[in-house]
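I've put the structures underneath this note.
Shared chain: subunit A. Partners: subunit B in the first complex, subunit C in the second.
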Partner chain A sequence: MIIFFVLPLLLTVVWSVFERTMFWMEPAFTLFSYENFFFSSRLENFLSSMFHSSISVVCAFFIGFPIAIFIRRRVKQVAQHRVMLLFILPFMVSEIIRIFALRPILSRNGVVNSFLMDMNLIDSPFSIFVFTPTGVVIGEIVSFLPFMIFSTFLALEAIPNYIFEVCADLGVNRRRMFKDIFLPLAAPGLFAGSVFIFVNGIGIALIPTILGGPGSVNAGLIATQAIIALDFPLAMAVSAIMMFTLMGLLYLGHRLFNLTKLLEPIS
Partner chain B sequence: MKKSNAIEVKNLIKTYGDIYALNDVDLNISDGEYFVLLGPSGGGKTTLLRSIGGFIRPDSGSVIIKGKNVNNLPPDKRPTSMVFQGFALFPHMDVAQNIGYGLKLQSIEKNIIDEKVNKMMDLVGLTGLHNRKPHELSGGQQQRVQLARALILENDVLLLDEPLSALDAQLRKDMCIELKRLQKTVGISFVHVTHNQEEAMSVADRIAIIADGKMIEEGTPQEIYNKPKKQFTAEFLGEKNILIGKVYNLNKSKIVLDINNDKIEIANNNYNVSKNQEVSVSIKSESIQIKKNVKSKTNEKNSIFGKVTEITFLGQFVRYLVLLSNDQEIQVRSSEEVANVKLNDQVILNWKLDDFILHNE
Partner chain C sequence: MSLRDDFQPKWKLLLKWGWLSFAVFILMAPTFYTVYISFNELGFGAKYYNFTFQWYENVFSDKQLIGALGWTMLLAIITLPIVIPFGLLSAKLYKQSNQKVWIVFILLSPLFVPADILASALLVFFKNLNKFFTLIGEYTGIYSLDTWFDLGIMTAVIGLIVYTLPYVFVVIMITMARYRNEQTEAARDLGASAWRAFWEIEFPQIRAGVFSACAFVVILTFNEYTRTSLLKGGFDTFTSVLISQMLNTGMSEESYAMASIVSLVAVVIVSAILIVTAIKTEELEKKTRIVKEPNK
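Moving on to the complex of A and B:
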């Protein structure tokens, strides 16, 4: 824990206040890197990437959670894990290729646009699917949706079958079932999935690099660009800011929703 | 006065593949009756209960509750509530929420729900535990919450699927008394599934023995225990002394049986048997007297010779195993050690004429 988690975190913070040299950095205490971050378009990019990540989380919730519920309720118990395996299959293809493959699908004369045009649903192709923040959000959903499905399915799987029989006996309708049973009992899984998608949404540089346009830069990409420009202290500062932001959000979430209660083991 | 039927089950059949879980079962349960379905595991009693509750669709036959055919109704549309095996509570709701949830679904006003929940909690003995979560409750308390959750809906029938199986023996005894009291208080029919005969005897007004998907026999606990009509029932209730033989002779008051050439006389309680028919008889081990055999012959009709092969002291009583001349073994329970009866002694066993019970099948 200390070696793999606390130490890198500390180093990140320490290095972020070092002075930049030509090819590396030297020990010092300067907030130049932070200034560099907060008083440039980088802050704006960072905030918008948080916004886009949130949208990805919400979309993944509305797509992934119903899929997990469907698998838990409608697929035979013995087949459930096999169905879950299907969602692992995409991971056998390298992430770069998986995301790159979205380009011909989403581009101006890609599969989606051709289909919509052929169906006479639209007159001219949509160009917002790639090289825009929308493209990044789509890429994030495609990449991270399985994690939402996994984590919520695991939480739903822990719900004993008798709960559904009691519901049948009491006459719980679908809406009530979702609100009173699935949502509270899957809350830990939903939380884990959401945090995972949010963090990766702002942290993974690959997706905005391949699918994003000029306006869609996330924190991961800022850090990557800083490293390419050999500005290590800036890269460290960006990472540190990401970390603190996340901790702050978790704290806020804890104050608002009482995470301990939310994550209380169901027993 | 004949009570009206709360539940009528007619010709119920349910198969799983080639296996008959229910094979043409008929059943009538009266209003306000505590009815127990007793039988070995896998005998079909739970399938029968779940068919009544609507959790299982039978292949054919009908379930009529309060004069209404409910074959095509889902569980919540039937006038039944179910208490499930194990501790089937909503883990994220507290006691009061668990109990009131069924009423909340019916959009009943909150203060009315609270009032009913309070009343119900007092009734089942959970006073003051409103805010406890299920994992903070003992097994017995969790089952009380289930009872309250089911009873608060005020349905005509309460179905209980092995409600006490997860509790320890002492708690089970206490809960039996509690269940019986509760049933008398609310006055509706309870249908209770169990494989535990003690539990069944202590709560039931009437018991049905179910095995291999069939109704073996039904009757009051006294009838089932003292005068089981079927050999299976006697065996299931732990009867060890079952002898198989033929009817040698019979008249209106007596039947003489030939059991491997030993003649035994039993009382004829309107048994429907004929000469030379193969039958089985049983006798409770506490109904037999044992004494040392000093004569070589006896003229007593209701007695038999044997040899003691085992004597076991079991606290409240002493158990003798006696081997008969025809190689059948008989168990004798005596409240105290019989003087001068030792291991390997030749003994004579006596009984009263009507202590033997004849089983037709």
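Moving on to the complex of A and C:
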């Protein structure tokens, strides 16, 4: 893993300052690729993909966190893992298939619009579900929601049952329970889930390609387009920026919440 | 112990179960829809639904697709015997190590790195390795390493190992968590070698996790697109054929059938694993209860 994962990612920093040649790159020290990234529309695209990913994170929190709390609190302990496994099934179907299938479901003449029109809820079909930023956000939620549920459940699983019993005995209300028990104790899981969704939202090219339409570009798409255009230093600059974003977030999360706690229930 | 609150209104509980089921349904909806369309003779958008197996017959008579299936299977077969022992060793190392943070960081961070970013970095890494070995060849006269990292099966397998190892590690860790290390210590005290203690005492107890990890690796290999397509070189894999069909001609009825085959196989395998695991856990709990409370 050090040779084929850590080293290639670290070396992206070195390759990103190389000079571009016709078909490859040659050793040099130039910041042209970074200039090319930061002083062009690419930065705007990158920031806008960050914004859309942040929306996906917030949506995944509001959809996924209550589910994780429900499974931890209300489902019998022996059945908790079995219910969690329901969320493994969609994860095991290829992301490409899931994303592609969203197109006919969300398109103007797709299932969602047909259903809404049949129910007389709308007069004309919505066209904001695909080839728009909304489509990207929907795609990200459908793709990454299980990870938010897994990681938060894993964090909640580490909370001993007696804490809930003590709270019940003391008559703690739901709001306080959420604020003082669930939120702080699930923080490592919430953070890990959020980082996963955020980073993959700005790094996976497939979702904006299929659901985002012509204006939707994220870091992953910039990197793959740069490789197709044989601009390897630019692709490496984007990879290095992504790597630093990810490492920075993981370091911050570890300092704040000690992310290794997440593995305690299974180690 | 059940954590259910007896004073909570039943409709609230039902509402929460409804929300959970709705979330699972939404996540599975694209898969259900793909399967549904794959059996329609008239395809997507048609007013009527005529059930047919025609698109599946077309898929299985497609030589390019059968070839791609073969290549993908080959990748899975090569990846499995490498990644599973790595996963086992990593899980054992994690349990014994005092430097858990670094092990977790190295093993789980590939999960967080987007596919396109890692694939781009690996692609450039392999190209540079080739250039490096060519340079060494020029100086030393040893040219046998020149083509080692040409894009092909080996580079695709390396990409798959980096991708699947975190999953294998987590699945094996979950099963290992139930294993009590005192059993290995007892076996070693009785004179068993480290390998024999592992093979005859520990492995039978974590076997389910290892087999589940194998199934996951095969499924993930069939599902993976970005890393494999950038690192595979000349041959086609199942997903690369699927994607090229989808992007070039849109979702044809054959594309729906192909996608359904991959999805259904994955869902059936994972469901089978989950059901078998659930039954075995139940049996184990029953046995434990009988031993603890023989009169009940």
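The working rule: the second predicted complex is superposed on the first by the 236 of 267 C-alpha atoms of A that agree within 3 Å, B and C clash if a C-alpha of one lies under 4 Å from a C-alpha of the other, contacts with A are read in each partner's own complex, and residues count from 1 in each chain.
The rule we apply is simple: a contact is a pair of C-beta atoms (placed from the backbone, for glycine too) under 8 Å apart; a residue touches a chain by one contact, two chains touch by 3 or more.
Small disclaimer: the values here were computed from a predicted structure and weren't measured.
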{"item": "Partner chain in contact with A:I2 - subunit B first, subunit C second, else both or neither", "value": "second"}
{"item": "Partner chain(s) touched by A:V166 [first = subunit B, second = subunit C, both, neither]", "value": "first"}
{"item": "First, second, both or neither for A:P184, with subunit B first and subunit C second", "value": "first"}
{"item": "Dominant toucher of subunit A (residue count), subunit B or subunit C", "value": "C"}
{"item": "Touched partner set for A:F131, first subunit B, second subunit C, both or neither", "value": "neither"}
{"item": "First, second, both or neither for A:F37, with subunit B first and subunit C second", "value": "neither"}
{"item": "Which superposed partner A:A219 touches (first subunit B, second subunit C, both, neither)", "value": "second"}
{"item": "First (subunit B), second (subunit C), both or neither touched by A:F46", "value": "neither"}
{"item": "Common interface positions of subunit A, toward subunit B and toward subunit C", "value": "168, 266-267"}
{"item": "Contact set on subunit C toward subunit A in their complex", "value": "1-5, 13, 16, 19-20, 23-24, 26-31, 33-34, 37, 44-45, 94-95, 100-101, 104-107, 109-118, 120-125, 127-128, 158, 161-162, 165, 170, 173-174, 177, 216, 219, 222-226, 230, 239, 242-243, 246, 251, 255, 259, 262-263, 266-267, 269-271, 274, 278, 285"}
{"item": "Residue numbers on subunit A that touch subunit B, as the complex places them", "value": "160, 162-163, 165-166, 168-173, 176, 180-181, 184-185, 266-267"}
{"item": "Touching residues on subunit A, where the partner in the complex is subunit C", "value": "1-2, 4-9, 11-12, 15, 24, 63-64, 66-67, 70-78, 82-83, 85-90, 92-105, 109, 111, 142, 145-146, 161, 164, 168, 195-196, 199-200, 202-206, 219-221, 223-224, 227, 232, 235-236, 238-239, 242-243, 246, 250, 254, 259-260, 263, 265-267"}
{"item": "Of all residues in subunit B, those that touch subunit A in their complex", "value": "53-55, 74-77, 81-82, 84-86, 88, 90-92, 101-102, 105, 135, 149-150, 153"}
